[in-house]
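Which chain is which? They are A, B, C, D and E, in the order written, and residues in each are numbered from 1.
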Amino acid sequence: MRWRWFHQWGSPRWFYERAGRWQLVFGWVSLGLIAVGTIWGLGFAPVDYQQGNSYRIIYLHVPVAFLAQAMYAAMAVSALVLLVWKMKIADIAMQSIAVIGFTFTALALGSGAVWGKPTWGTYWVWDARLTSMLILAFLYLALIGLRASIRDPDQAGKVCGILVLVGVVNLPIIKYSVEWWNTLHQPASLKLTEKPTMPASMWIPLLVNILGYYIVAAYLVLGSMRAILVERERRSSWVKELVDRV
Amino acid sequence: MSIEKRIIARELWLAAARPGDIVKPIWFLLLVISMVPLALTPDSELLAEIGSAMIWIATLLALLLNSEHFFQSDFSDGVLEQWLFFDRPLAWLVGLKLTAHWLLHVLPLILISPVIALTLSVPGDVSIALFITMLVATPALTCFSGLGAALTLGSSRSGILGVLVMMPLFVPVVVLASGVLIRAMDGSETLPLLALLGAFSVASAVLVPIAVSLAIRVNIGGSN
Amino acid sequence: MSIEKRIIARELWLAAARPGDIVKPIWFLLLVISMVPLALTPDSELLAEIGSAMIWIATLLALLLNSEHFFQSDFSDGVLEQWLFFDRPLAWLVGLKLTAHWLLHVLPLILISPVIALTLSVPGDVSIALFITMLVATPALTCFSGLGAALTLGSSRSGILGVLVMMPLFVPVVVLASGVLIRAMDGSETLPLLALLGAFSVASAVLVPIAVSLAIRVNIGGSN
Amino acid sequence: MNLKPLKLKIARLSCERDYRLLFDSLAFTLDAGSILRVAGKNGAGKTTLLRTIAGLYEIQEGEVLVGDQPVSEAMHRILYIGHRPQVTGDLSVLDNLKHLAGHDDTFLKCALESVGMLGYHDSLVKELSQGQGRRCALARLWCSDAPIWILDEPYTALDVSMIKILDNKIRSHVASGGICLFTTHQLPTLSEFQTLELGCVD
Amino acid sequence: MNLKPLKLKIARLSCERDYRLLFDSLAFTLDAGSILRVAGKNGAGKTTLLRTIAGLYEIQEGEVLVGDQPVSEAMHRILYIGHRPQVTGDLSVLDNLKHLAGHDDTFLKCALESVGMLGYHDSLVKELSQGQGRRCALARLWCSDAPIWILDEPYTALDVSMIKILDNKIRSHVASGGICLFTTHQLPTLSEFQTLELGCVD
């Protein structure tokens, strides 16, 4: 069976153009939302009575932390589509999401570490959630490394798909086991799980930001998919046409 | 001979032809463990405290490093692709190979661990717990490292890349196992955790060979 | 291009072709280090105490594992035997290769160690001592593991065997280096030990390539 | 022995590598008793074609039918010997054969005798010369009951006497109802075979 | 180019493997401009002889003199291409040549053109077909100024056109004062060469 681009409908070119339009929309919407959320959060939300102004990093930290995990789920869906329906576009999605997902994970770790210094007095502790986030970063890295080590893109896609799916089974187990491990012998001195009871003027901008980051993720994924698509199809006629037009 | 017997027999012949493969991980374990007091501290109380965890980490590494070339040489001399022509599902053959590997290469490592625990003055009941934990946890680890090796067959000089790819997946096993050890040191109940570990091992022994066979097919050149 | 340039250039091309070879040891180090709190304890005080030694052992392992195939692939595809036809002493070429290897594969590992020390809450001055120790000690270790790899070229699936053959030779280096670390934690004078380590490294950089070239000749088939 | 007659049918088979079409809409049927030589210059795609037919490479487009089954379900009816040694250097000649062919010792020793390697059954494969290693891999032809043989450059490294032995074996295989596909750059000394010339696509 | 004329002298050369005498008190001298084909059946010891002469195997008994020097001190005057690929799969064709032969790009591209591999200089060797890989290894013949060529089964996996190219190259090498030793099981299409038949010892 030949690997298809799409199930029945469309072609790489169709995707390229359609995705281009959506990308434009997503770009502007997310820009608006993030601008509103961030300016509101940084400039107008009230100061936290415990943490002072340092809490404001939440407007970056929480959205990226959410996305770091959501991206893996999206990647798993792509992997399933790739291996079951053999749609090449799913492979491209997987490749894009792996890099962007890793970026978000790294941002979450980085912003968390920066936040940890004023609140906990240290950049890093081996807390359950932090550790499972670190493992997630490793998993993304493993995927990127695995893909980079195989020259043939089709082969690399399938192999990465297998790893992603195995990872899906394992991620909840990792999360559960790490949480359990930590609660066993570490006094619950630092807990991220309890939501700070925030006033609405704090969490509404947060919500706006979260939405904005989700859309910006979609924007980034579409953009990187288009770039990979053109690069993989560089010798096909439609890409040559496209290049000629520019 | 049935195909099953031929697969198992070959593992035995290979083990006889390359005795180093069996001795290497044990040797590695011994050396890493003897580095610990050298590089860290000869203080026997601290050693007893961290001893079982150290043995566990070192065993993990020894096991992983030994399985890094799990399929590599068979792949590059073309024997692995001949398995596709056997009248059996590849996943089944892979399962056999993994089992043989565990028996020949991992079991000796487990059997030696109580002796090593002794040298680090780990208390007796903890070292028994360590022994049982290894017995229950290593099948899952073996399966995962086999998967890592299969996934990276196509990459140039895969080497330890496979192991590294799979390491994030080892985390649950490592965490559960260290839970058992900590409880054993406290003297509290370890059975539920061991049962969990066992379930994990059984599940991976059933499912992972399928993923491995897929990965091998893809790396040989597709056909699925 | 002179033969020297060709040897060095090839190492660069290979590093570019197999970026995994550079990333792998770093990745290994990160994972081993993150296994320690998982398997042992997340207690940051205990971690700070054993942290620098852990990093040191893990770096050692990462370095060794990376050099296990030092000559293997060149040997089996026949490029290494072509070096005998070059108009230069083999020991000189081997020395160049070892140097390039240290720069490309070991140095990154050293550069990253202070960051890792941070995650294990190792105090700042100890982590500086760790950094310097590594800088001074790794040339000797690289030479020795190259020798191990060369000695075992002829044996089947040499793999990590070479490393294990050489491990006993590492002991002096490990002992000296851990001496530096312990003194750094106490706050006492580390310079004499570092000087000793440095002398050891220089001596092995001069002498070991000769031994390596002999071993390679023997394993290619004699002609001494 | 006589084999159950079997057809090998290739339909619309295409393969592209790096945007270069190696073969396009290839179609032919091989009946029991036929020999096909795949010819073409270096890089024409002979190995690729043989491995695709053997089921080792994914079929990009088209079909390969062994009897009525797609090849992926009928690989056990194929004997494939390719460029790679297909034997393990660290094992003895006999153990290698036992693993791949799985008969008893006396039978295998007969097979080794046929390829002139009887005295070597206990030697490790890696201690053999190039040609002796190939002979040992080819000994599998004497142990197999697969009707379809796919041989990629089987004559490589063989001396004149072994080439004759191999030719005879192929002849007797197709005489008893088998099919043989092979490649070679040397002019084969076999007499009756069809030739498929690759490399005329672009 | 014209090479400084050089003699290759083999005296009393013997080799034993596993208590089997492969060759015994072999002695011959090759003058500048001569071609020697080493023949013999599989396992006769051709590869062993060539590698011994090239200085890769330790000399068990006897002497190999390149000019007046023992071979161990004159290995840089020898170009040896053996069974193994002699190239690195992970590097591009051009980088491989650069490392082994060390000329500049334009020169090497000429060499690649001679072996019909010009379009492939950027491909990784492991992505080439068997014959293309061999061609890439043989391209070194076009870059070398070593007077003595030792080629172990150079024709393996080559197609007819490349065999012709190789023959011409060998011919022009000896015409300019070189020496060439080679083995092959195919009847070589070269015209003037001496033959040394191995395998008559026991």
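One rule holds in what follows: contacts are C-beta pairs under 8 Å (C-beta built on N, C-alpha and C of every residue); 3 or more make two chains touch, one makes a residue touch a chain.
The shown structure was predicted, so the numbers you read here are calculated from the model rather than taken from an experiment.
Student: Name the chain whose C-alpha centroid is farthest from the C-alpha centroid of subunit C.
Tutor: D
Student: Decide which interface, A-C or C-E, involves more C-beta pairs in contact, and give its chain pair.
Tutor: By the number of C-beta pairs in contact, the winner is C-E.
Student: Looking at CA centres, what chain is most distant from subunit A?
Tutor: So the farthest one, by centre of C-alpha atoms, is E.
Student: Please work out the Cα centroid separation of subunit A and subunit E, and write it as a whole number of Å.
Tutor: Taking the average C-alpha coordinate of subunit A and of subunit E, the gap between them is 56 Å.
Student: Suppose each chain is reduced to the average of its Cα coordinates; what separation in Å results between subunit B and subunit C?
Tutor: Once rounded, the distance between the two centres reads 25 Å.
Student: Centre to centre, by mean C-alpha position, how many angstrom separate subunit B and subunit E?
Tutor: It comes to 46 Å between the two C-alpha centres.
Student: Compute the distance, rounded to whole Å, between the mean C-alpha positions of subunit A and subunit B.
Tutor: Subunit A and subunit B have C-alpha centres separated by 32 Å.
Student: In subunit B, what residues contact two or more other chains?
Tutor: Counting only residues that touch two or more other chains, subunit B contributes 17-18, 73, 155-157, 161, 164, 167-168, 171, 175, 178, 222.
Student: Two or more other chains touching the same residue: where does that happen in subunit D?
Tutor: Expected reply: 59, 83, 89-90.
Student: Touching at least two other chains at once: which residues of subunit A meet that condition?
Tutor: 135, 138, 145, 149, 178, 181, 185
Student: If we count contacts the way the header does, which residues on subunit C are in touch with subunit E in the complex?
Tutor: Subunit C residues touching subunit E: 1-3, 6-7, 9-10, 13-14, 17-18, 73-74, 76-79, 81-82, 84-87, 220-224.
Student: Which of the residues in subunit E come into contact with subunit D in the complex?
Tutor: So the residues of subunit E touching subunit D come out as 18, 40-43, 46-47, 83, 116, 128-132, 134-135, 153, 156-163, 185-186.
Student: Under the stated contact criterion, what part of subunit A meets subunit B in this complex?
Tutor: These residues of subunit A touch subunit B: 135-136, 138-139, 142, 145-146, 149-150, 152, 154-156, 158-159, 162-163, 165-167, 170, 173-174, 176-178, 180-181, 184-185.
Student: State the interface residues of subunit E toward subunit C in the complex, per the touch definition above.
Tutor: 51, 54-59, 72, 75-76, 78-80, 82-92, 95, 98-100, 102, 104, 124, 146
Student: Provide the residue numbers of subunit C that touch subunit B in the complex, in ascending order.
Tutor: Listed in rising order, the residues of subunit C that touch subunit B are 17-18, 20-21, 24, 27-28, 31-32, 35-36, 38-41, 46, 50, 53-54, 56-57, 60-61, 65, 68-69, 73, 155-157, 159-161, 164, 167, 171, 174-175, 177-178, 181-182.
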